[in-house]
Amino acid sequence: MTQLTGVEVAKHNTADNCWVIVHGRAYDKYLPKDKHKGPVDMSTVVVEKQEVLPEEQERMKRIEEMPLLEQCYNLLDFEGVAKRVMKKTAWGYYSSAADDEITLRENQNAFQRIWFRPKVLVNVEKVDFSTTMLGTKVDIPFYVTATALGKLGHVEGEVVLTRASAKHNVIQMIPTLASCSFDEIMDAADTDQVQWLQLYVNKDRAITKKIVEHAEKRGCKGLFITVDAPQLGRREKDMRLKFTDEGSNVQRGSGEKTDNSQGAARAISSFIDPALSWEDIPWFKSITSMPIVLKGVQRVEDVLRAVEVGCAGVVLSNHGGRQLDFARSGIEVLAETMPVLKKMGLEKKIEVFVDGGVRRATDIIKALCLGAKGVGIGRPFLYAMSAYGQEGVERAMQLLKEEMEMNMRLIGARGVEELNEGMVDVRGLFNHGVGPVNYLAERVYDPLVNPAQREGVAKAKL
Amino acid sequence: MTQLTGVEVAKHNTADNCWVIVHGRAYDKYLPKDKHKGPVDMSTVVVEKQEVLPEEQERMKRIEEMPLLEQCYNLLDFEGVAKRVMKKTAWGYYSSAADDEITLRENQNAFQRIWFRPKVLVNVEKVDFSTTMLGTKVDIPFYVTATALGKLGHVEGEVVLTRASAKHNVIQMIPTLASCSFDEIMDAADTDQVQWLQLYVNKDRAITKKIVEHAEKRGCKGLFITVDAPQLGRREKDMRLKFTDEGSNVQRGSGEKTDNSQGAARAISSFIDPALSWEDIPWFKSITSMPIVLKGVQRVEDVLRAVEVGCAGVVLSNHGGRQLDFARSGIEVLAETMPVLKKMGLEKKIEVFVDGGVRRATDIIKALCLGAKGVGIGRPFLYAMSAYGQEGVERAMQLLKEEMEMNMRLIGARGVEELNEGMVDVRGLFNHGVGPVNYLAERVYDPLVNPAQREGVAKAKL
Amino acid sequence: MTQLTGVEVAKHNTADNCWVIVHGRAYDKYLPKDKHKGPVDMSTVVVEKQEVLPEEQERMKRIEEMPLLEQCYNLLDFEGVAKRVMKKTAWGYYSSAADDEITLRENQNAFQRIWFRPKVLVNVEKVDFSTTMLGTKVDIPFYVTATALGKLGHVEGEVVLTRASAKHNVIQMIPTLASCSFDEIMDAADTDQVQWLQLYVNKDRAITKKIVEHAEKRGCKGLFITVDAPQLGRREKDMRLKFTDEGSNVQRGSGEKTDNSQGAARAISSFIDPALSWEDIPWFKSITSMPIVLKGVQRVEDVLRAVEVGCAGVVLSNHGGRQLDFARSGIEVLAETMPVLKKMGLEKKIEVFVDGGVRRATDIIKALCLGAKGVGIGRPFLYAMSAYGQEGVERAMQLLKEEMEMNMRLIGARGVEELNEGMVDVRGLFNHGVGPVNYLAERVYDPLVNPAQREGVAKAKL
Amino acid sequence: MTQLTGVEVAKHNTADNCWVIVHGRAYDKYLPKDKHKGPVDMSTVVVEKQEVLPEEQERMKRIEEMPLLEQCYNLLDFEGVAKRVMKKTAWGYYSSAADDEITLRENQNAFQRIWFRPKVLVNVEKVDFSTTMLGTKVDIPFYVTATALGKLGHVEGEVVLTRASAKHNVIQMIPTLASCSFDEIMDAADTDQVQWLQLYVNKDRAITKKIVEHAEKRGCKGLFITVDAPQLGRREKDMRLKFTDEGSNVQRGSGEKTDNSQGAARAISSFIDPALSWEDIPWFKSITSMPIVLKGVQRVEDVLRAVEVGCAGVVLSNHGGRQLDFARSGIEVLAETMPVLKKMGLEKKIEVFVDGGVRRATDIIKALCLGAKGVGIGRPFLYAMSAYGQEGVERAMQLLKEEMEMNMRLIGARGVEELNEGMVDVRGLFNHGVGPVNYLAERVYDPLVNPAQREGVAKAKL
């Protein structure tokens, strides 16, 4: 396939015939989405001179005045800063989630329903929170999970995360929908740095096979097959921010077109195979010797089945709340899963990971107490990267390490093997009586009021 | 009965002798309410020229600036827009509910206490969410439930809903208290379009009989007898918005008159028979061969009795929160009902529907997982109609279909028959410890404060 | 005892020697509080001319503009209006409660944790919600409970409530600490109007005996002995509003004086006997043939003991939240009590009443479903009286009757005897995980924030 | 060790070489923290003349206008005042807690999940709420618990608390990290006034031994060994308030330095031995005859072990929420502990204390009902001291005594021995479904909105 130039692409710039460049490839915005036009020679793309809009000027001012990196004391701080300094559309893409974003927030809420039962008078002079994941020794039990479109947040994209992961000796999971190419990300790694591959399975299995074999050859140490996204979710916050009314016409019937503002991510995800099923797992085992992990498992029955078909692991995850709203949090599914595995003597047969909502070392410790091998962290590192670049990501990781050391001491555990279910109180965890506010519903509700004063009555009498 | 003219009606325009036109018929505002004055030739009614009030000018401006239809991404969005662009009194009539509107909000809250247990790795390339209701095949498991006074929201009234229902192949339930006449609504339907009749039972059974027989003859496919409204509820938000103090006199004793502002709906509902009881059901079965469904059942005991007397279905409903405040949500009653029906082997003997609070496809899926045949949706379509007319309703329905397709995939079900109770977690559903805020109580409560600064003390010293 | 004149009282107007007139009697503000100076001939009291303060002018304006009585649609509306038009100190006295006012709000919250299980298809053409209390037939199952200092809210005081009670055929309980004298209140009653006596027991039993015998002679039909107030509560909202710093001196040691602003109610309550105990009940039975009811019982064990000692009834009450904060609501104690009474076959041996938090007919129905004979309502009628006088109280009662009729129909009960525990869902009632906000704690808490922008940095660069 | 002078210390005032004076001793800000430079002759320290900053001027004005002491009616009021009048950094140090301050707030919330079951008709003329703790008779069942750096709030520091404790006959626990020296605090005590010693155990046991022996010789009556702080917590509110960007440089890599703003408390706590363990307890018993109490126990298993090793008591505490976030409240651990102790017949073998969140006498009563011997109160007295000095602390204690007298009467207990678990309802206590708001998470979350008006559209048409 010959490379397109920016000029060629730019010619297709009308409402009816519009190409867009995504991930170094050009797509036709309105034609069948699974056919892209071809790779683009990005050096040939002319960047339009644009006047700086007042909104953008405001943002530039906020960037100048942004807090120093040292002023960020925890992972949520990076999110607070990123919200102010990122482009609105980039912020929208990263922060948005499915429907009413109930699950997005539940992911953090669920951790708030787990409390500690710390041990005291344990000699915790030395604490060691390193562990292994799929055989790899890591400094701390988290990995950088796969998230799409890293260049929305930072001009260099996912390689920033690669370099920070190397510094802190943690594993990076490489996303299928990265802004950087797979090889760019591999190339950015240190010798011996371990990376995993996250995989959206293509309808065309030949392509999938090529990707998997290439990844194994390049040294990937784990294959994480995403199983919670047969179709990519609608994220309304993102859609709302992207909406522009150029070309819209209130007159025309539009009842049937709802996706004109759903943007790039949707376009590039159309290759994902909704027919992927349990029957495909043996085939994956036949094409790779990487350990296979199912990412996005959400019920204990499916964990058992994963053991049965010989998976090395599962990630209990709801895709950061971006797919099915009202999916339960990974941590809750973990608390449902591990007692069953233990009862059946299967807890050593499979490594169980959790992602979603992890913001504090206490969250990591909770997951480990409940039997997780490790946790994935995604958005927080994107926010740290978007606001402060590689230094930001490194500081975020460093903060987690400091919290981890402190909190291992405070819970009375010298190593991760000493963390157990007796150290947490999960009695409130399953109580779904309390959930996140539905802001949309709250905002449209018009609360009752008492009778108002009859203003003007007094004046009228004068 | 000869038709009245607008001029004749207009003559009765004093405080003591005042006629109003409702539903094309004239009523004496103060005489026994069950006697109407007769049909009015609406072409003869003179519309008074009125100065546009500032409040109305504001509203007109809001209408000009209202979002484009494409900017509505979910059903709550229509409500948000409708609140801004509808006349206050119309908004008040549609949105209001009983007492403190606790049940109104609980209807949505209850769905928030149900969480999913999705299956992964199911081949969901093709998902089919069509189903049947009372033998009719429909595209998606909801119907447009009956709501009164459609012309408050749109000049054409209920026929707008009829046409949109045809487009999306869903059933419309025709309300007794429609603004359009029954025949107008039937006439607006496509060939083969299925409609049901919602019935408030008249004290005069001869009238009821005539209505039922006429509906059957015209092709109605189901008779939904409302059983939760022996008396129509007081909705204070509505009353407060309707209140005007013309003619009010703070001097006169008014302890006993409370309904001067309760408006048209109350007037036209006075025919409803509060004596309706289980003993009447055999009579209904004798006058029609339409399947009979009881609308407004609220406890499992009454569902069992409905099976016993041979009803084809029940709607578990609290009338959109408009009747008895603190009635439980339909979805909760469903979760109470189905296990009992299944235990008794009766789950196939009756079709169980639910209405109230449905705003998302996830809500529909939850109801189906718990054993409902389908759900009724009312207000959201009124809001879509009021804001954007037929196109609005169609888009609302289309959005539900898109959400439905996505969420069937994400929960791992290829058809409605694959939805089951194992796919939901209802452990929090019955936890009534958490309920909606009582805004009235909240607003009148005067929170404690700490001692205030003694302002002026410093100044006094200067 | 000869009557004092206003002039004599007015002479004692210094900080050291200050008399106050309460309830038509003069007290020395600083001498032993149980000795009053003697009755005052009120006609001789000179009312000082005062300049109208700006705050009072504001209030007068609010009174002029207050909503019409017809605009009040429920009992909370009266509270909303009263808050705006009452004197701050009067509002403070009526509305305040103990400590953090947790119980005050819990009284209403508890009703929000009870939901209905209504019956449908019951012939409810005629509903009759009259009942009997201690043998007296009443129109509706509530009584006007005793509340102190009626003249703070209305110049005529408690007789306003007497007259409204007559109009609606409900019982009034006459408070010991009324602003009107006992005989004034009895005199204001209609022939056959039933009244009860609320009794704070005096340390001097001879006085108590005289009061009880007098009440019986005058025709009182029940003796309600307050048992939850061995000492009258501190109500900080009230104290804060009453505080003035005249005479205060920040220099002097004041660690030990905390009651200089606790006002009249405390002064006049000092006669109450904290030694009152179960041993006193036989004596009460010996001096009167009125049925004896214990007001303020808060645990099932004490209800059983009341049966044992031969009381005719109990009021499950926490004194409107004004005594012990974190006392449970009466309605919750009822739900704890009745199953025990029924199990022991004692439910007919005693009439159980409930007060606290009743604002809606649904609240009354909930109490009756759970086994109460009736409910007491206090503050709402004070607010109605304070805002609109007798008409206000009558409308408040009328609104309750209208709600009652509607809601009896909607729950499917033709008479109070048809209300039963199967009609309510109390599964959430005992869940104290959810309680009212502690506003004081909330306000002093200083929430965490993310790093702020460094304002001025951008400007500095210019 | 010779004393340093202020001048010598002042020389080290650059970013690279900076000494600070803490607790009368000089420390090198950047060198190994466990080596202090030596004691400083404070008379030689030159206080820099500073211009009064606008922020400080504002604070001065707030101090002038602060409420009179008599206007504080409860312990939270002191906190409300202190927040306004304390220096921000001092406020930050006292009020801050670990991570998201969830445990900080849970400490108060937990008490809100405990409700009373009061007895009525108990003769409560005389109530006596004195008790004994470790053999000492006290007026009321609380003690002043140890808190660091008293001079941040008041120029005289901890001796203010000593004197107030004497006035009210309660025990003061002397903190290791006091601003005053141990002997100053002992010297400020009355004859017979009882004090306890709180101990952070030094890595150098010889120092610890000296401290303990000295304390016993000076008459301390209890040794409270802190076991929940092997490492002192990070408190972000404190860090954020302390942050200044002098010397900061956004350019340099700062991913690894996170503690440059962690301040004095951290520095002076570096001596604490994280290796302290159960094995050390026998040694403590060998060096002192003071009763040994473990402060900071957080699970019933460790209480049982404390009994086993012969401790006289435990304090169920999470260090005021300052150490491990999501540690449960002391009161909840108490409710978990006492039934186990009772079942094993051990409840008399050990005195169980609780601290954290006590703000009202009702909190004290709840703890005693559940089996505590007494409660510790810390921050509230610091706030009272910071705002109003010794008088403030005395008033705070007096308010607790008044509340205690009232509430003992209202719950129907004449003495602390009559308080029992039947007088409280703890069914909601363990329900962790409801927890404090995570303000950081709340603030960074960007709630969904409905489509906005298209402002300007109307204007554009004009």
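The first chain written gets the first letter, and so on, giving A, B, C and D; residue counts start at 1 in each chain.
Rule of thumb we're sticking to: a contact is a pair of C-beta atoms (placed from the backbone, for glycine too) under 8 Å apart; a residue touches a chain by one contact, two chains touch by 3 or more.
This one's a predicted model, so the numbers in the text were calculated from it and none came from an experiment.
Participant: More C-beta contacts across A-C or across A-D?
Facilitator: It is A-D, judged by the count of C-beta pairs in contact.
Participant: Which of these, B-C, B-D or A-C, gives back the A-B interface, meaning over half of its contact pairs coincide by residue number?
Facilitator: Duplicate interface of A-B: B-C.
Participant: For subunit A versus subunit D, what separation do you get between their C-alpha means, in angstrom?
Facilitator: The separation of the two C-alpha centroids amounts to 39 Å.
Participant: Indicate the whole-number Å distance between the mean C-alpha point of subunit A and the mean C-alpha point of subunit C.
Facilitator: Computed value for the inter-centroid distance: 55 Å.
Participant: Going through subunit A residue by residue, note those that touch at least 2 other chains and give them in order.
Facilitator: 68, 71, 76-77, 79-80, 100, 236, 240, 245, 431, 433-434, 440, 443-444, 450-451, 454
Participant: Quick check on the complex: what are the subunit A residues that touch subunit C?
Facilitator: 61-62, 64-68, 71-72, 76-77, 79-81, 84, 433-434, 450-458, 461
Participant: Sort out for me which residues of subunit B touch subunit A in the complex.
Facilitator: 68-71, 73-74, 76-77, 79-80, 83, 91, 95, 100-101, 105, 108, 112-125, 167, 236-237, 240, 245, 359-360, 362, 366, 391, 394-395, 397-399, 402-403, 405-407, 409-411, 425, 427-429, 431, 433-434, 437, 439-440, 443-444
Participant: Name, in rising order, each residue of subunit C that touches subunit D in their complex.
Facilitator: 99-100, 102, 227-228, 230-231, 233-234, 236, 239-240, 243, 245, 248, 250, 253-258, 260-261, 273-281, 294, 296-299, 301-302, 323-328, 430-435, 438, 440-441, 443-451, 454
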